[in-house]
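Below: a set of structures, written as structure tokens.
In the two complexes that follow, subunit A is the common piece, with subunit B as its partner first and subunit C second.
Coming up: the complex of A and B.
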């Protein structure tokens, strides 16, 4: 703990300097020490009760079909956490969950959940490190237990913990009555969306500061933290514009526990600039490492987003990734966005994207299927048949081979 | 089991605090509007409508909706979607068109899950199938809602006179889905249009 504590301290005398460098950030990265150590145990009955419920939820998540089974990505992500903390992290247990929502969450027992929707959006290792450092901040600053104590007398918190207790009592004792299924549904939903452990605004700001401090000390470019929010704002604006509505920052509501997104982005950018002035360490964004780690999963991550049929957000994502050059996978997904949107002119746009995909060496077999159907729709029967045959040749065991063969036989 | 469900649901109905389920007898019946006719081999329970169902939907269950369900789409017209949705919703199910390819129909069906926050959804097979006197699609799939319990599903779908007809069975992968597949197959085979 001594060594990790050292990591979080930026040194005496930093405070006065940071005031001039931080125009708007309210929490200073220099002020934060971890409040708990490796091997931390709950200290009283309240906390023990909560841990017990959390552990039951964790067992449910371990057996969930939503868990991403990828030792490679799991190990890579856990490695980033260790780099941030400068030590092994037996106290943090990481779960990668297949959910297209941009989210990560931290539980007071040390369970950390990272959604694939977040993996789909980060552009480099430093951006992922920014989120992981922020979540670690919630844990080491004991935000969840503080939040729990503030809520524990409220009906919602108690009902939630009661539901969690029933997951264990029902599902794991082999029970299968209706009420236990409902409890299970409620508890896991809550776990994934974190409606109870939404932190206060002050806690979010503190976790931001804590995370960016970890990044700076472990050699990650602290700019990455504000870049994530910039990307998210741009994506949400693109999504709103597509649906012909005005972008509104939902976290700007007085009821929201999250700092307004644009304020948060500015705070993080200010803090990064301040740290950059102070630091003499060389920093990296770890882009090459991230691209290598995510490559085997890119098709799945894009698929999860594109099939939401949120065309503004999806086009933003695909076009951002294509800034490094269009690949067959990206062109195919571009076509899928237009095919699902299906507005006037979209058939043609989709067809052009599929046709472009099939000229690129990494085109997935599905690009040939989509190209084939697009050609048939356009009345180009021979081209369409050729593409569908190409699809079957590439993927003779395709799940939809039966219906594609039927189409070809017509 | 059916008696128990009927009892519990009956009690709720008497208390006036729960939308009523309706018993469906094991006899030929019109479902999801006037066009589609099926003949169940068991008695089923018709569920009250949920917020996102359209007027062309009807859903039944044998053991409770979290365990199994049998859903019908009885002639969705062109220009409509499988779920009710607002113009400005961020995520939307594609609008049904009569000229949709098999690939488009499967994507549309899949989107009706994805837009509701279900990320793990895997198509197991797509094959041609006899339905309502012609060739339609038979799609097997699996998905994982946020309750952590995997579901299996199978549906048959066909476009007749520019309208979409679907029969769809879903259930927990552990038991309930497989137990009802024979009845689903029998109902698909005997389904007809009454127009």
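Coming up: the complex of A and C.
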């Protein structure tokens, strides 16, 4: 069934020692052909049924108030998919969904969903391309139906093992070892259950390899794929540390549908190195293009993240973005993180961040409001009133303008 | 394929685990007087194959046939009843904005399942729902009423499933186990359906009925007629 998947050690043959860094990259990025073309229509009853269910889900998504209504970002992202595939892509339908969680998903019908939580985290166009290419891999390698059929076979096998064990146990119940039948059946079925998850992880590896291959062909720096996971691990460590917990990778489990994050990062980095050695073309990471495309949405993306109440992750994100220099928007959001965390000393940190925001030219009006109230609280009445007036001047129609005017009238 | 009736009776006598068909109607329902404008929404239908391992596998051909059958049953019922009732053959013919109709249908499916679970199942009944029937589709339904001009909307949701050959064979082995004393027969295909009448002025469910049965087959016109009549009879009888 998965004949196209080869272990890299076999592919590398006698040269395994000289490319030892590649030992862990399990799926070669070079031998994965798409299994379906534009205009593909399923024929088999199980696949047609799956498509019908998925089309109903797509109808609800099309009508969902959670859709990010941005033709500009939609067009930009669709453009990346076309560049990856080197053609127009009427077979893939992209939906940008307002959800702060880091995720994207692919449906067997060609519906691709990208969360705003992913947009908040990628640092350049190549990183976004890595995720889009991975999702395209699930589609073109027909992973959904492959996984369903495997699950159908395995659940049937488990049901048969269970039924046979019951008959066996019943027939032998007169003897001493009737329950041994049940134990044996349970052991077999546990192994089958594990293999369901194992297959899911193998598909993820294949999709990773497919995506990185598309990136390499379309001139995106393949390093970007492993960078995403590096950033995510750093973020999760920051989040755990903030909560006085030890970072543990939940995908490091036999019941995980995805491979361990660090393994994926290492595999992708290995594959990128392999492609770089082979590569003869110039690659780009499309950083400037990404920053321009995401700029109009940055305030919304940060706002979504901060409302998750995950101060470690939020600070990591804001501070990472600030490596290019602090902006008024970033300083304001830094202040918001401290204000919401509200631990000892956070009031002062928030006030300092708001104050810093107002010295920068792009400070949002909310920064002036927050700065104003922070100053009033600190007893600096003149500065506070000045900032609140600035807020009203910037945003006279604000929903809370009445409240702010009331404060000023006190 | 469905378990043969003889086999089902045998199964019932052996295990006692097959639920008979049930039917309950919300208390105190008075059918709308006058000549209200009623829309029968395009029914939410799916028919699945029950695989040997117990997965429900959607079958497009069965689903489409069943939906056509249920629509035909609804139309013949409407023709008998008369009145200002329209059956929405397609989603677009329900009037109102497409997004509203999609969301409303989805909402009805979820609310109906909650009613089934918390009002009509002994395992998950809620004390707060004891003696009251106060489910609603809320503002979305009112919004739809304003868009479409209807007074009431009738929703119908049905799921039907049929055992694969593998499932039937597995059940046979299950019976064998029963005979030697370890009895665990995998359940077969099942029909679950419910219908609600929603007041589009308030959004409230003013009437609700459901059925759950290991019998019946909405892939046939007769089976669809039985489903529709069984579900809707208690409402139409009083008008």
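Assume the second predicted complex is superposed on the first by the 339 of 410 C-alpha atoms of A that agree within 3 Å, B and C clash if a C-alpha of one lies under 4 Å from a C-alpha of the other, contacts with A are read in each partner's own complex, and residues count from 1 in each chain.
Quick note on the criterion: a contact is a pair of C-beta atoms (placed from the backbone, for glycine too) under 8 Å apart; a residue touches a chain by one contact, two chains touch by 3 or more.
Because the structure is predicted, anything quoted here is derived from the model rather than measured.
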Subunit B versus subunit C as contact partner of A:49, first or second or both or neither: second
Contacts of A:59 with subunit B and subunit C, given as first, second, both or neither: second
Contacts of A:273 with subunit B and subunit C, given as first, second, both or neither: neither
Touched partner set for A:245, first subunit B, second subunit C, both or neither: first
Touching partner for A:340 - first (subunit B), second (subunit C), both, neither: first
Subunit B versus subunit C, judged by how many residues of subunit A each one touches: B
Shared contact residues on subunit A - subunit B and subunit C: 60, 63
List of subunit C residues in touch with subunit A within their complex: 46, 48-49, 51-55, 57-61, 63, 98-99, 102-103, 106, 166, 170, 173-174, 176-177, 179-184, 186
Contacting residues of subunit A [partner subunit C, same complex]: 45-46, 48-53, 59-60, 62-63, 151-160, 162-164, 166-167, 169-171, 173
For the subunit B and subunit A complex, residues of the former touching the latter: 64, 66-67, 87-95, 97, 99, 101-104, 106-107, 110-111, 114-115, 117, 119-121, 123-128, 135, 137, 144-150
Subunit A residues within the subunit B interface of the complex: 60-61, 63-66, 98-101, 116-117, 178, 181-182, 184-185, 188-189, 192, 239-240, 243-245, 304, 307-310, 313, 339-342, 369-370, 373, 376-377, 399-400, 402-404, 406-407
